[in-house]
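Chain IDs A, B, C and D follow the sequence of writing; residue 1 opens each chain.
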Amino acid sequence: MASFDFQGKSIYYEEYGQGKPLLVLNGIMMSCKSWAEFVEPFSQSNRLILLDFLDQGRSARMDGPYDQAIQAEVTLALLDHLGIDRACVLGISYGGEVALRFAIGHPQRVERLMLFNTTARTGPWLGDIGDAWNLASGDADAYYLTTIPVIYSPAFYREQQDWMAKRRETLRPVFGDPNFIQPMIRLTNSARSYDVTDRLGEIQAPTLIVSCQQDYLTPMEEQQLLHQRIPNSHYVVIPGSGHASMYEQPMLFAALALGFCNTSKAEYHIT
Amino acid sequence: MASFDFQGKSIYYEEYGQGKPLLVLNGIMMSCKSWAEFVEPFSQSNRLILLDFLDQGRSARMDGPYDQAIQAEVTLALLDHLGIDRACVLGISYGGEVALRFAIGHPQRVERLMLFNTTARTGPWLGDIGDAWNLASGDADAYYLTTIPVIYSPAFYREQQDWMAKRRETLRPVFGDPNFIQPMIRLTNSARSYDVTDRLGEIQAPTLIVSCQQDYLTPMEEQQLLHQRIPNSHYVVIPGSGHASMYEQPMLFAALALGFCNTSKAEYHIT
Amino acid sequence: MASFDFQGKSIYYEEYGQGKPLLVLNGIMMSCKSWAEFVEPFSQSNRLILLDFLDQGRSARMDGPYDQAIQAEVTLALLDHLGIDRACVLGISYGGEVALRFAIGHPQRVERLMLFNTTARTGPWLGDIGDAWNLASGDADAYYLTTIPVIYSPAFYREQQDWMAKRRETLRPVFGDPNFIQPMIRLTNSARSYDVTDRLGEIQAPTLIVSCQQDYLTPMEEQQLLHQRIPNSHYVVIPGSGHASMYEQPMLFAALALGFCNTSKAEYHIT
Amino acid sequence: MASFDFQGKSIYYEEYGQGKPLLVLNGIMMSCKSWAEFVEPFSQSNRLILLDFLDQGRSARMDGPYDQAIQAEVTLALLDHLGIDRACVLGISYGGEVALRFAIGHPQRVERLMLFNTTARTGPWLGDIGDAWNLASGDADAYYLTTIPVIYSPAFYREQQDWMAKRRETLRPVFGDPNFIQPMIRLTNSARSYDVTDRLGEIQAPTLIVSCQQDYLTPMEEQQLLHQRIPNSHYVVIPGSGHASMYEQPMLFAALALGFCNTSKAEYHIT
């Protein structure tokens, strides 16, 4: 619906509703479109801002490799462009990584931070998974089978077989399209050296951390580490979900995000 | 702040704010006063209604034994008194039990149901704990030591030692007061035959079920049972909390309650 | 060390020590050699029998596709060949699947059953993972990156980086060798229609079920299902291990296996 | 069956079988008799040694308060009396605490250490529970209801109602007997200042740590702390058990104890 210029690249974003700004940062395979089901509830009491990162959705493609840090700069540029001083920032997976980079680099711009399925680092194990994705990128079926079972839980697969079958039909041409796959490879590589472990203590905003019990890509140990290191953090677990919590548990996803973002009070004095 | 007559007994309640009605049902030792820290956030966008059950707080005392079912009647009478057709109903512990009875008996009156630290039944084990409380009721220190470690997690004890020490000073005279202890015994006994296990399938409202990992009184297995049996239920776990989640994790308690109550959408069509 | 003929195919096995027979069934990528570190403790008080399934290690290769059921026939033939009436049967992963088939088909031949990292079925999700493996089989690096991160936990990766690097060097030529990869594809496909869910109730032997908390391939839900359905089953969880429990937690693996196999008593009358 | 003199007090112990010495240390309410069901399996391949601590079973009663440290001295005296240089030491609950004290004070006497339902410290929370027990000690029913639900899981209560009813009949006269209750109070108080947290790093023996998911008295967090701090420790969880793991899961209890004690190998070189 709108775009702005970032270092000569066009950045696509969408805005809905009015109220406390709520900025939502995509997972790696996502785009603004992925939030269609959430636009109504998320904009009911908030000014919702969706953003396609560089190499995502309708934002510009990059020409070569880059570091994920640039996506945090994009995020900052968007808030500046919109004249927003402070926003509640929600990130899932790759978007959670950018949210962490942004909250560390610009603490005064983050009112509250909501992290779903997020890790503080790309360790050797996650690095190998990224390499597996990239090696499978030449074949749409291989790419589907290498990425999708990692993202959805076995129970979701079992209970949503029709949806999964349709999703496979939808994704096959996408995964065979170099215009999608080449950016995916660059996005994957951009997180390769990601590690903010030692800077988590700098985060000042009240922070919600959400783990999912069947999350294979960013397992619960990763969020436990976030919770130990982020000073004012609050930690919950969704027992019945894989990595894609927004698809597997949309009602809990929305309730947690909106509840944490909009509750007027962040300090309680037990009496 | 207000009261109404229920079968010749005065029932005390409090009202704050405007918006979608949010009725909050107390745990066994609680009263309207226990929610002081939550009145502001809970009434920010909602019409908040607090209620003292029979034998609680400023509501009338009972003369002899009774069944917990009467508290669901009190709940119904309050909504009728206030002319509220449908409310979001939040219950914790004993209040969650009454909320379940109410949602089963009057499904059309419950818009959404939020259950914190709740069980579907008083089994033989929980029955023995109730008996232990009652046997300790003649001595304020024994009552404190029999009830309180069951309610708070070891970690909370360790991290809030000053608060716990003050709480003990506050509670000692209360636990020595027959005007508190005799009602507590009756309230405890009123739940003795409680078992709604076989009727959970009748609940129609979207339901949030919250477990706490260090909850000894109503352990996670109980909420897993609720989740299996309540059709449209959503289940989350707070890893760092004992039974009194509202005291141990007030920010998460508020975020979950308000997020689930106020999110405009309860049906998501994953796409 | 020895072999026998099964339907015209040579089946390789190894035997060590004396005592109650303990038959160990390999995971899909394993062979008798994989147990080198366990031969000494496992044969200290037991007659240890290791077995290469068809298409594994030094047993014969197959010519085309087959069903995993044949591996249970191989297992039976081996016990017959050795004149062993009843054995304790331990299986891990693919070997656990064969152990379940065998225990269902020949309950009188199983004294105790020990299942590590085992599922009762190849559901749609696990099927997709198998397909991903097969699609990656043309490239040694792709095969490594698609299979190995699924098998080892992130923590093991992090703590055993040198070992993992050496392992990659060792596995690269293996994964590039059609004599390994073609059998692997057939083994993978042989489990495609595996589902013993409805027959678990027939198992008579005392059964040990071991889950690992970071097991992605056969997550804990699968073993919980086994435990619910296998009558005389006992369930433990190793919190710090991925799918390859024998590599990640060898001391616990050995203690659980030998303790359960050799404890003289399987019925306790609490008094 | 036998006794020896410790500082003028008679210490009762029992011995069975031959082999590697396995010393078993009682929980607070237990005595040698409690192990009746385990004597056969535990002495099948081991020299089993059972011990009644001071103020337990058939050992001498104390005259006044004392520190739990004396029980570690009793343990040392017993090994000396029997001429045993090194033993595998198993402790449950109070016995686990003494086992930790002993392993810290006399590392060269412990070959392997097995800790069931054990904590490293009596924190303020556990202290309050001990006080609750002591305050209830004047009344057999109150003592039963204050101690027993804390020890057994809700599921065990539900599934073993007959056994629990019989147990209550058995325990009522015991809990009304000052010869049992006065020692129980002293034993409880003896652990009041127990805290070996800072010395756990000194333990040298391979150590097995067993948590039970419904253990309220010594919850899983306590064993996670033990596992973090004890260098050569191995950690497993029994999902279906309360504090009294030997009663709730005797087969797993025996398998874990004997497997860990008797496995010939404690160092594995993954290859």
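We adopt the following convention: a residue touches a chain if its C-beta (ideal position, glycine included) is under 8 Å from a C-beta of that chain, and two chains touch if they have at least 3 such contacts.
As the structure is a prediction and not an experimental result, all values here were calculated from the model.
Peer 1: In contact with chain B and with chain D at once: which chains are those? Just list them.
Peer 2: Touches both chain B and chain D: nothing.
Peer 1: How short can a path of touching chains from chain A to chain D be, counted in steps?
Peer 2: Minimum step count, chain A to chain D: 2.
Peer 1: Can you name the chain that lies farthest from chain B, using the mean of each chain's Cα atoms as its centre?
Peer 2: Max centre-to-centre separation from chain B belongs to C.
Peer 1: Measuring centre to centre with CA averages, how many angstrom lie between chain B and chain C?
Peer 2: 48
Peer 1: Using Cα averages as centroids, what's the distance between chain C and chain D in whole Å?
Peer 2: The answer is 35 Å.
Peer 1: Can you list the chain B residues in contact with two or more other chains?
Peer 2: Where chain B is concerned, no single residue meets two or more other chains.
Peer 1: Per the touch rule above, enumerate the chain pairs that touch, sorted by label.
Peer 2: Between chains, contact exists in these pairs: A-B, A-C, B-D, C-D.
Peer 1: Show which residues of chain D lie in contact with chain B when the two form their complex.
Peer 2: 123-126, 128-129, 131-132, 135-136, 139, 141-142, 145-146, 148-149, 152-155, 157-158, 161, 164, 214, 216, 219, 221-222
Peer 1: In their complex, what parts of chain C are in touch with chain D?
Peer 2: Where chain C meets chain D, its residues are 36-37, 40-41, 44-45, 160, 163, 206, 208, 234-240, 247, 249-252, 254-260, 262-266, 268-271.
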